[in-house]
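Could you have a look at this structure, given as structure tokens, before my questions?
Each chain gets a letter, A, B, C and D, in the order it is written, and its residues are counted from 1.
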């Protein structure tokens, strides 16, 4: 592992501990990646079946040319989604988390195909919702279509399967996870508040 | 303590810290075990009356042949349930947690004798609910009947007394706790969301 | 400080860190004590105005004969309540926490003067609710009357001011805090669940 | 950095870790300052774009005479608000957090221009709510007017942008954040409780 790859692995490990503390990667849910080379394209990506709150550097594999290049075990089953997002958005890091609020909202608002109530203080954010699919090739195609239809979106929800977001690097992607998860919880609690007696 | 037994004890201690951080083993609730030998059957099991977030190796007793084989103090009062689950399911580890959501749902849905709304993204999970009983022999018999009736279930709830689940080893059982607790919280919050104004 | 006093101080410091992690002693709320001598009666008690999650041994004062015997600063303003509980119940440790759920329930159910919905799996627990009072002598008298009227209660709520509970030693008192706070959250969430559509 | 400045920086770093653990400074939200000199007026203030849970001393800049005096990067975009609060209140530390509950309540009660339901056990606390504004000069003027109109208030909310509070030093300001955030959560949950069936 080069020094850069070690640094990237360390950042993914720490992202896992942060998200675990918030309950966003329970069980073995979630998967994380970061681009380590653009040409040829190579990703550092979490090993399948790992607990994201207890990652070590050995759980971060190097992936490229359609296969695991270094490290033991299989890359996340959703590696194809990470590659699609990197290709479409030029992202340097892709993070997938699976929180209660993203699960709840993606289930409840699936019919609308998106959440328009997600608003930051500067602008209104649109978060598309896709049906989940165990066929990764088909799901990857659906993801690409959604990214093309929503060129400004910073993430999307897979129905009952959580959030995908990305950034120029791991730090920015972590920030996007935190902002979007915050907004999702805000939306859900605002829905509860709508039934308060004034 | 053999090296394997020390390793198992360490895994149970760490499971306790994880669950305590989430509020799933408050007070002295919960109890954990892991099989250390199949023939003769021996369990590492938490000492009765301990706080699961502050376990040390000395709080993990060795149990077999109907008695504590090594360590000081009494084995968990629910040791018999652990033994029944090990026998019926061939489990390598049994974990019992006592969260708010499992308590709430087991109380509310007791009349249905189970929760059908617990769904992972691959399949629908059935979580039986048993009345709790201070007579451990009778309760253990009830558990065996439920396990025979529901050969696919990965856990069950004791009414107002939390969750039992298991796995091939401690790591898998911990993963099952986290997935089932996540699903229970999701079910409860979905019920709340059902009364939102669209 | 004797070795026993140092041990008691350490236990109170650790209780503070546990409760702080759960959000039960925000700001400078809460106060803790433990009996270090019965005859003459002496308490280790938290200094007034301290953050309970960041206590050090220097924040635990020795109190007896109506004054601070060792340590710098004033004993908690509620020392008199601790002394009343020690006298009435023979407690070895008294702990006061101030959580969201105890505040909410004590406010909502004040008119009933108590919570009967607090139930453990063995028996029904009665948690009296007293009006808070800045006159500590009068409040202390009210506490004594409540303890005499409810000889089986393991704690009480001060309206909008949180929970008092106690135990034979710090470990038992900590356990009682955790069980009662768990029950209070369970009661509150059960009230919310009562309006779910089946 | 003088020893005092190092001490102040350390206190702001630790405040960030505390608030992050509670989810009050997700993403890069929040900003913190403390007065290090009165004449000339100098602030230690968090660098723009930092994660408040992962601050190091290098993220705390020295600001005075309208510019960054030491440290690399830009001071928080909201430095002007900190200066206005220091000038109006004589505060020694100003802290801004961005929690779910402050966001929710400031959104819901914006039309009332304030929250009167925020009550401590001694007195009723008034928390003004201001519309947020990206023009910091205009917003700073609005803050000054609100502080003059409400000479007793200990904080205010920016609509959908969280809480500002202050204190004589960092420790007191941290205490005010914790008390006000606790009260905001209490108010929100009381509103939910108002629809419980008795």
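In this section, a residue touches a chain if its C-beta (ideal position, glycine included) is under 8 Å from a C-beta of that chain, and two chains touch if they have at least 3 such contacts.
None of these values were measured; they are calculated from a predicted model.
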item: Proportion of interface numbers common to chain C and chain D (over half same, under half different); value: different
item: Most distant chain from chain B by Cα centroid; value: D
item: When chain A is superposed on chain D by its C-alpha atoms, the rotation angle in degrees, nearest 5; value: 90
item: Whole-Å gap separating chain B and chain C, where each centre is the average of the chain's CA atoms; value: 31
item: Chain centre separation (chain A, chain C; CA means) in Å; value: 43
item: Of all residues in chain A, the ones touching two or more other chains; value: 21, 192, 195
item: Chain-chain contacts as defined at top; value: A-B, A-D, B-C, C-D
item: For the chain D and chain A complex, residues of the former touching the latter; value: 21, 23, 26-29, 51, 53, 100, 103-104, 107-108, 132, 134, 160-161, 188, 191-192, 194-195
item: Touching residues on chain A, where the partner in the complex is chain D; value: 18, 21-22, 119, 121-122, 171, 174-176, 178-179, 181-182, 185-186, 189-190, 192-193, 195-197
